[in-house]
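Below is one structure. I have some questions about it.
Every chain is named by a letter (A, B, C and D) in the order it is written, and numbering of its residues begins at 1.
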Amino acid sequence: TSQLINYTLFLADNALILGQRNSEWCGHGPVLEQDIAITNISLDLIGQARNFYQYAASQIGGPATEDSLAYLRTEREFKNLLLVEQPNGDWAGTTLRQFFFSTYQYFLYLQLQNSTDEQLAAIAEKALKEVTYHLRWSSEWVIRLGDGTEESKDRMLAAIDELWPFTGELFLPSAFEIQVAKEIVGADVAIIQKEWQKKVASVFEEATLPLPKDDIYMQRGGKDGVHTEHLGYILAEMQYLQRTYPGCAW
Amino acid sequence: TSQLINYTLFLADNALILGQRNSEWCGHGPVLEQDIAITNISLDLIGQARNFYQYAASQIGGPATEDSLAYLRTEREFKNLLLVEQPNGDWAGTTLRQFFFSTYQYFLYLQLQNSTDEQLAAIAEKALKEVTYHLRWSSEWVIRLGDGTEESKDRMLAAIDELWPFTGELFLPSAFEIQVAKEIVGADVAIIQKEWQKKVASVFEEATLPLPKDDIYMQRGGKDGVHTEHLGYILAEMQYLQRTYPGCAW
Amino acid sequence: MQIHDLEKIFLDKIEREIKIEPRDWMPDAYRKTLVRQISQHAHSEIVGMLPEGNWISRAPSLKRKAILIAKVQDEAGHGLYLYSATETLGTSREETINDLHSGKAKYSSIFNYPTLTWADMGAIGWLVDGAAIMNQVMLCRTSYGPYARAMVRICKEESFHQRQGFDILYTLSKGSREQKDMCQDAINRWWWPSLMMFGPKDSDSTHSDQSMKWKVKRMTNDELRQRFIDMIAEQVKVLGMILPDPNLKWNESGKHYDFGEINWGEFWNVVKGNGPCNKQRIAARKKAWEEGAWVRDAAAAYAEKRKAKAQKTELEAA
Amino acid sequence: MQIHDLEKIFLDKIEREIKIEPRDWMPDAYRKTLVRQISQHAHSEIVGMLPEGNWISRAPSLKRKAILIAKVQDEAGHGLYLYSATETLGTSREETINDLHSGKAKYSSIFNYPTLTWADMGAIGWLVDGAAIMNQVMLCRTSYGPYARAMVRICKEESFHQRQGFDILYTLSKGSREQKDMCQDAINRWWWPSLMMFGPKDSDSTHSDQSMKWKVKRMTNDELRQRFIDMIAEQVKVLGMILPDPNLKWNESGKHYDFGEINWGEFWNVVKGNGPCNKQRIAARKKAWEEGAWVRDAAAAYAEKRKAKAQKTELEAA
C-alpha cells in the first residue's frame, strides 16, 4: 500500500539524514577513537537507509532506486523527524541527539522485527545489533558529560534545552504509522513512548541530569514534510551531483 | 572572441561570488547601519555581475542567458579570483576582503571605462560610482578596526594573514587577460598592481597596520578554474533550485 | 499648568487630528503604548529579515536574488526608521534591542514560521506584507507624528514588496506542475498565520480600546482582517490557486467574505514562544548582536581617538 | 655492556632480518628517525581524512557515500595504529599531535591539494593511495617490529582503497562526456603531486642513506617512484585516459617508462607550507583538537570519579 511506502520512506529518511549529520564529524571529532565511533554510527545508519530505500523502491516499482529516493526528492517530500535534521552543535548536542534517537529506534526495531512484513522485520532484526551499540555508546556519553565537569554538564543542559522540543514528534503517530500498525503487525508508538521515557529517565538519573518539565511545547511536522529550515541546506549539498548531472551512473 | 567571453565571465564571476558571500551577512551584521551597507555592496556586485553575464550571453549566443551562466556552470568553469570565494570570517575578514577587492576593481574599471569594447566600457563606467563607494567604505573599516581597540587590531592582523596570499593572483594575468589587453584597449594588470599597492600601503599606514613581507607565497588558480574547496559549497547552495527544476522560469 | 489641563490640550489635539510631537506633553500610558507598539513593529522588521534572508543564497535567478536582497535591506531600513521613532519617545536603541533579546519585547509571530521553499518568498510578500500593509496604511494616520511619518515612507516600499511577492507566485502559478504545487503549498501554510497577524478578535483584544481612543490605532483588528480577506480572496483567483479555508465564501448581503474559525490555540502558542522558529530567530539576533560587540567597541574607540585628535588640533590652532 | 657492544647486537639483528622490538636497545638516531617517520605517517593518515572527508556530504550515490565514509574511517584507524607505534618508542600521542599543530612535524604534502570534484575521490584512491602502497608494502619489511606489523594491517586495507578509487574513475570513464572530462581533469591535477609523494630524487634525499642501512627503508625514492609509474602507465590504458606527461614513454631497453621532469620547485614550496591548503588543513585539525578539549576533560573527570567510587566500594567491601 502507499502508506507502507510512506512508512518505509520515513524509516529510511530518518536513518539517512542522521547519518548525513553525523558524518559531518568525520575528521573533526574531539578525539580519534570517537571520530571513528561517530563515523561508524553514520555508516550503520546509511546502511539501514539503503535497505529501507531499496525496499521502498521495490514497492514503488518502475525506475525508482535507492538513489532516486534519496537524491531526487525535495524538502517537502522527506518525512524524517525534525530531531535528526538539527545541526550537530557541540559534542553534547550530537551525543544527546543520538541518544534520543537510538533509544527510539531501539524500541521501534524491537517491535518491527516481529512485523508480519517480512522485509521490514528482516531489516529491523539485522539493524538491531547496530542500534544496541549506538544506544550504549550514546548513553555512556550522556552520562559521562552529564556527570563530568561543570562545563560538560552545562553543555549537556543546553543541549537538552535545544533538543527536547523535538522529541514529542517521535510519539505522535502520523497517518502512515497508524495505517501500517493496523494492516501489518507494526510498531505501537505508545509502547515505544513508555519504554523511551523509562530509558531516558534512567540514563538522565545516572547522568545527574534533570528531566525537562512535562509542559514543554513539542514541535512537529517532519513526518508530514514540514521541516525546519535546516533540511533544505542538507539536501542542497547532499543532492548536488545527482541534480547537476542527471541520469548518470556513479 | 572566445577570450573576450572568458574575460567577461571572469569579471562577472568575481562580482557574483563576492556578492553571494557578502549577502550571507544580511540580517546578521554587527549593527543595523552596517548590515544595510554590506547588503548594499552585495546588491551592487550582483547588479554588475548581471550586466557582465548578459554581455557574455550575447557574445555566446544561442540559449545562453545571465542565469544559465550563473547557475549552470560548474566549479571548474568559474573563473573568479580565489580571494572572493574565501569564507566571510569575522567583520575584519569581510571588510579587508572587500577593501582588497574594491581597490583592485576600482583601478580595473578606471581603465576599462576607456576600453574600445563599448559594452565593457559602459558597464565599467556605470559601476565605477558604486565601486568608489565600496572602496571608501571598506578603507574606512580597515582603518577603524586597525586603529580601534587591541582586539580589533588583532583580528585585522589575523585577517591580513589569512587573505594576503590570495592577493597575488589579482596581478598574474591569465591567457584571456593578456589576449584581451592586446585586442581591445583593456586593462593593464601591471598598472593596476602599482596603484593597488600604493593604495593598500597608504590605507594600512593610516590604519597603523604593517604591510606583509614581500616573500609571502601567493596562491593562484581561480582564473583557470582551479579553486579552493569553498567554491563547490557556494555553488551547491546557490544553484540548487535551477538544478532541481531544470528549464523553469522563475 | 496642571496635569489636568495638559491632558485636555492633548486630547483636544487628538480630537482635531493634530499630530502629537516628541516635545509635546503626553500621558505616560500613551507614551508607553507607543514605545511598546513601535518597538514591536521595529523588531518585526528586523526579525522579519531572517526568514527571507534564508533564501537569498538560493534564489533561483539573479534578478530574483537582487530583488530579494533589496527587499530584506528595505526591512532593515524600516527597522532603522522605527528605532528612531522610539528614540523620540526617550527610549534608546540599545534598550529597545535588549528588550527583544530578553524576550520582554515581542515581534510579529508570523516570523516564527519557517520558510521551506522558494514559493514562501512569494507568499510572504503577498500575504504577510499584504497583511502588514493593511495595518500600516491605517498607521499613516496615527496620532503620533514621528510614527505616522515613518509609516508613510514604509508604506510606499511595502506595497512594492507585496507586488513583488505576488509576481513570484504568479510566475510559479504559470509554471511547471512542481512550481504550481509549490505555490499552492506555500499559500496553504501562510494563509492562516497571516490572518493571525491582525491580532486577537476585538472581543479578546486587551490594548485595542484605549489605542482607538488615542487614535494610535484607527481601525479594529477585525475590521482590518476582514478588509484583508476580501482583498486576497479576489487576488487568489488571478493565481488560479485556492485559499485553504472550506468556509470561505462571498456573503452577498454583507458584501464581504465569510471565513472559517482561526486556530487561536496556535496563535497564543506561538506568541508564548512555542512557534517552530521562535528560539532560532532570537538566537540568530543575539548571536549577531554579541558577535558584533567588538566591532561596535572598535568603532567607538576609533571615533574617540579621532575626536581627541581633532580637539588637540583645534587647541593648537587656537 | 658498552654502547659499542649494544650497537653491534643491534646491527647484527638488522643484518639477520630480526625485528627490533620496543624494549631492545637501539641507537638514539634510529629511534629519532623512526619517531619522525612514523609520526609523519600517522599525521598523513589523519590530515588525509580532510580532503576526502570534504566529499562525504556530496557523494553522488548512497553506495559511494558508504564506501567513502568507510575509507576515511579506515584512515583514522591507521592513524591510531601508527600513534600506538610511536608510543612504543616513548613518545605520547599528545606530544606527537602537538608537533603536528605547531608545524614541527610534517605530513604528506599531497593532502595540501584541494579536492575539487567527485573524480578527485577516484584519483586519490588510485594515484595517492597507489603511491602510498608502494611505500607501505616496502615498510611491511621495515626493521622496527611494531611499525612493520602496523604496516601489514594497513597495507591490506590500502590496496582495497586503491581498487575502489580505480573503480570510481572507471565508472566515470564509461559515463557521460562531462564525467569523462571530470575523470581526465582529476588525473591531470593529481598525477604530478602523486609522483612527488616518493620524496626528492635519491641524489637530493637527506635521510635516505642511513634509513636504508638500518633497513627502515628498503628501497630508494627513485626505485619506488619508477615502480609506481610503470604500474600506473599500464592501468591508465584501461581507463582510456592519458597521463599529463608528454615525455612519458616505454623504454624498451630499460624495461620501464621514461618520464618528464618533476617540478621540484612546487614540491619544496608545498613542503615549506605554501600549498593551496596547508593553512586550511592545520587549522581544521587544530580546531577539532581545541574544540574537543572540554570533551576530553569531561571524559577524564568522569573516569576519575568512577575510579574513586570503585575504590571506595572496594574498601567498604574489604
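Simple rule for what comes next: a contact is a pair of C-beta atoms (placed from the backbone, for glycine too) under 8 Å apart; a residue touches a chain by one contact, two chains touch by 3 or more.
Here's who's who by UniProt: C, D = 1,2-phenylacetyl-CoA epoxidase subunit A.
Values in this document were obtained by computation on a predicted structure and should not be read as measured data.
When each chain is reduced to the average of its Cα atoms, D sits farthest from chain C.
In terms of C-beta pairs in contact, the better-connected of the chain pairs B-C and A-C is B-C. Separating the centre of chain C from that of chain D, both taken as means of CA atoms, is a distance of 58 Å.
A straight line joining the Cα centres of chain A and chain B is 41 Å long. In terms of their C-alpha centroids, the spacing between chain A and chain C amounts to 37 Å.
Contacts with at least two other chains are made by residues 58 of chain D. The set of chain A residues that touch two or more partner chains comprises 74, 232, 236-237, 240. The touch graph of the protein chains shown belongs to none of the named shapes.
Listed in rising order, the residues of chain B touching chain A in the complex are 74, 232-233, 235-237, 239-240, 243-244, 246. The touching residues of chain B, when paired with chain D in their complex, are 74-76, 162, 165, 217, 219, 221, 226-229, 232, 236. On the side of chain A, the complex with chain D involves touching residues 16, 20, 23-24, 26-36, 39-40, 42-43, 46-47, 49-50, 53, 66-67, 70-71, 90-91, 143-145, 147-149, 151-152, 155, 237-238, 240-242, 245, 248-250. Partner chain B is touched in their complex by these residues of chain D: 51, 54, 58, 114-117, 182, 185, 189, 269, 272-274, 276-277, 279-280. On chain D, the positions that touch chain A within their shared complex are 46, 49-50, 53, 56-66, 69-70, 72-73, 76-77, 79-80, 83, 118, 168, 171-172, 174-176, 178-179, 284, 287-288, 291-299, 301-302, 305.
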